[in-house]
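Here come two complexes built around subunit A, the first alongside subunit B, the second alongside subunit C.
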Partner chain A sequence: MALWFLRGLRRGVITTRYPARADDSATALPTPPAFRPEALTRELADRLCLVCPSWALTRNGDVLFFDAGACTACGRCREMAPEAVTTSGEFELAATNPAHLVKRIPLLGEGSS
Partner chain B sequence: MTALQQDPGLPGLLSLLGHDAPAGDGPVVTVSLAAADLETAVRRLSAAPGARLADVFGSGGNPAIDGDPVIVRMVWGLDSDRRYLITESVIEGDRYPALSDIVPAAFAEECEIYEQFGIRPAGGKPLNRVALPPQAGPDFPRLGRAPAEQPADVHAPHVVGGQAFEFPFGPVRQAGVESLYYGLVTSGEEVVDLYLLTWHKHRGVEWRMRGRTPREALFQVERAEGLGAVGSGWAFAAATETALQVQPPDQALRTRAIALELERLYNHAAATAALCQSTGLAVGQAAAEIALERLLRLNAATFGHRYLFGVIDIGGTRSGPDAAALRRELPGAYGELRRAADALLGTNSFLDRLEATGILTPEAARRLGLVGPVARATGLAVDARADHPAEPYAGHPPVVATGEGGDVLARFRVMLAEAAESVRLIGDLLEAGAGPGRADLPDDVISRTGPSGNTGRTGLGWAESSRGEALAWVSLDDGGRITRARLRPASVRNWRGFDDACRSQNVFTDIPIIEASFWLTVAGTSR
Partner chain C sequence: MKPDSAAACAGSAARPASTAETAEALRRSVARQFRRSLHIRTLDTGSCAACEQEIRLLAAPHYDLHRLGFFFTPAPRHADLLMVTGPMIRAFDIAARKTYEAMPGPKLVVATGACALGGVYQPDAFTHGGIGETLPVDVWIPGCPPSPLALLQGLLVAVDRLAEKVQDLTFIRSGGHR
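Coming up: the complex of A and B.
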């Protein structure tokens, strides 16, 4: 067992300093999408809702609802419409109320209303 | 029919079944068998040394169509022939020959077919509950018709007599461990018998895939067994590509193989950490988990996802590897695992717990159709990368690691040898050139028909995941949507060897060690 004790001492502490300091690996991880309202139309919003495999997107009238709690950051929406969807870079998604994870995105694209 | 002394090869096997040799040299041969001939055929195939039962599943049996028959398919791995043989039998009525009387390894699938399609093997033997929960009434979503009666809740009718008693454990066991119920029969310390209930985690993944396009369904395939996302995803994508007759670009196939080897590396590191945890070696566990974390970060840096989700696509891959990050980080991450493993192999108190624990014999592994490191540790060299080589493994063949003894230590050594081989393969594949790429999927797939021997738009796919051979079979309708998808991760086959391994002169505290060495998932088997 002395072998393991000495190995542990030699290796030192390697745990991450997060959240006191940003973690390097976070930048490599997929993050939920961010939407550009001025590029979103009703037609495009409907196509985005269809392509989302985890039902994180729904449209009601001229508003696109995005549930960050249901999103798996798969990137299919960004792949389909790069002009309207970008990566948010946001990975700290904890919330005390699930409703706070649902975002309202107005559809401001040409011909949306 | 007496047992054959020599492997008769595919033509010999087909002539035993009354079929001619196949016209082409494709890797999958499909033949039809009348239900009346099924028993004889299975008896002949199971007696042939070159045939290994890989899967049994049902399709059809639509309750909305009166009298729609169930089709029972058996997948046989003809490993020395480098081919798979699929037999298709249309079952009229609700009885078919009892296959598990001839091939015991078919019992779990007989139970599953009963729960999902309502047909049962002749003879009236009791069937277990393997997939659907007890509250599954006639209206519960299932693939076919509901069975006339509920299956039994236990492994089999067994008598606990003498000094033995049954010790229930699970399904909630400890934080972070999957739901699994152990029925332990013991006389105090020794494991007399063990049965498992896995239905707590059933999510109806195969049912949910019906009606979806293969690309939509791939999302669920990757999540059916998260620790095997690449293996299952590749098998499913390959099955679809066979059905659609498309061929992914070579560089995309090499990308898939790099992701698959990375998946093998992190799974073997995780199994090493679990072995340390189960033997109470906390410092060794921390050392292995450092290696595991570095490998997961390497996955994220290479493909953008720690568990490699989203790499596979139908017809190719959705992304290519970050070759610079992989070349820079892999030696350090693997070196971490190697250093931990070398220290473990020099720790007698650790090795003592592994040696002669959870022994499986090669005969048991062959009889139960086990795959992956569990089978290879008994000395059986079954590896889909070598036995059924498809690109890129045909051009980059792996050295298949086998062990002796079939105990936990043999499985640990096989995993370490495979990890080293994965690192070599990743280097070779990067050298050959890997990147993203997708074949064009046909817009008009309606008029396409399969090659000779295949019936229309169906396909079988396979990949050697970290746990062993993963299979997938799909059937597509005229619009390109899934009518039936069968997922058979390696966990499905290898759990049936777990109770045998636990019974072999082991005590209670050996069970977590054996479970870590099998490194299976409940999610994969109960999907």
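Coming up: the complex of A and C.
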């Protein structure tokens, strides 16, 4: 439970102070994955692309392209490869250009190049 | 106004490098007009209603978007910002165009949720698989559904009160895994 909620119940004000003050309560909700390039190989990247239900992951050569806009934060990639995929904890993802949401993840794992 | 805009057009034609800067300045000046009063019309183009649940929560006391000068309106003619959810089903093309055309200018369009951003559905006979090709989108808010705070940040980015953050994120986490 967010701290501002408890504090608000005590004081009678339960409104968040965001954006004047940071509020990380949204990070308790599912957030997009973050990747560890050292643990990613081509084979693993291909398996991650297959397991993604929303076409957020594609591989081109030694680069994994992650479209944060297409990601539904379902957690299937993290479940499949917990050593290579973690939770990013980012929720402030609004973009003025959809190209800003597509991230390049280099594949630096053994046997990837 | 007309000679100015004509001069701006001529200038941008002569110096193509500054076109992006001119567009950015124009976007900022439009956004500044809405800083303290922005009326939002939501448009559901075939979403599962999860995004609508989160949008509804924006008006709840926890988030209270009215304190920031945002208001919901049921009429597109009163709206400054169109908040579109869903993958834009083709049956909705005419209604979406009419809604957009009914809004007075200057107007903003915010694509909300992974469907609207082209994630969940691929283009097929029934859906465009995203609203990008149907409406001119100004701000894209990812999430499935985006949490109310994510929506709030998107709205504040749309009116230029917060800077875009995602451009600098890498989604790369080096070191030991958690």
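As a convention for this text, the second predicted complex is superposed on the first by the 98 of 113 C-alpha atoms of A that agree within 3 Å, B and C clash if a C-alpha of one lies under 4 Å from a C-alpha of the other, contacts with A are read in each partner's own complex, and residues count from 1 in each chain.
Following the convention adopted for this analysis, contacts are C-beta pairs under 8 Å (C-beta built on N, C-alpha and C of every residue); 3 or more make two chains touch, one makes a residue touch a chain.
Since the structure is predicted, the reported quantities are computational estimates derived from the model, not experimental observations.
**Q** On the A-aligned overlay, A:29 touches which partner chain: subunit B = first, subunit C = second, or both, or neither?
**A** both
**Q** For A:96, is the partner it touches subunit B (first), subunit C (second), both, or none of the two (neither)?
**A** Second partner only.
**Q** Quick one: classify A:5 as touching subunit B (first), subunit C (second), both or neither.
**A** Once the two structures are laid over each other on A, A:5 reaches both partners.
**Q** On subunit A, which partner's contacts cover more residues, subunit B's or subunit C's?
**A** Counting contacted residues of subunit A, the larger count belongs to C.
**Q** Return first, second, both or neither, reflecting whether A:75 touches subunit B, subunit C, both chains, or no partner chain.
**A** So A:75 only meets subunit B here.
**Q** Touching subunit B in one complex and subunit C in the other: list those residues of subunit A.
**A** 5, 14, 25, 29, 53-54, 72, 74
**Q** Quick check: in the complex, which residue numbers of subunit A touch subunit B?
**A** 1, 3-5, 7-8, 11, 14, 25, 28-30, 53-54, 72, 74-75, 79
**Q** Residues of subunit A touching subunit C in their complex?
**A** Residues of subunit A touching subunit C: 5, 14-16, 18-19, 23, 25-26, 29, 32-39, 53-56, 66-74, 82-84, 86-88, 90-98, 100-101, 103, 105.
**Q** Please give the residue numbers of subunit B that touch subunit A in the complex, ascending.
**A** That would be residues 216, 219-220, 281, 283-284, 286-287, 290, 297, 300-301, 304-306, 309-310, 318, 343, 346-347, 349 of subunit B.
**Q** Would you pull the subunit C residues touching subunit A in the complex into a rising list?
**A** Residue positions touching the partner: 27, 61-64, 67, 114, 117-120, 122, 132, 137-144, 146-150, 152-154, 156-158, 161-162, 164-167, 169-175, 177-178.
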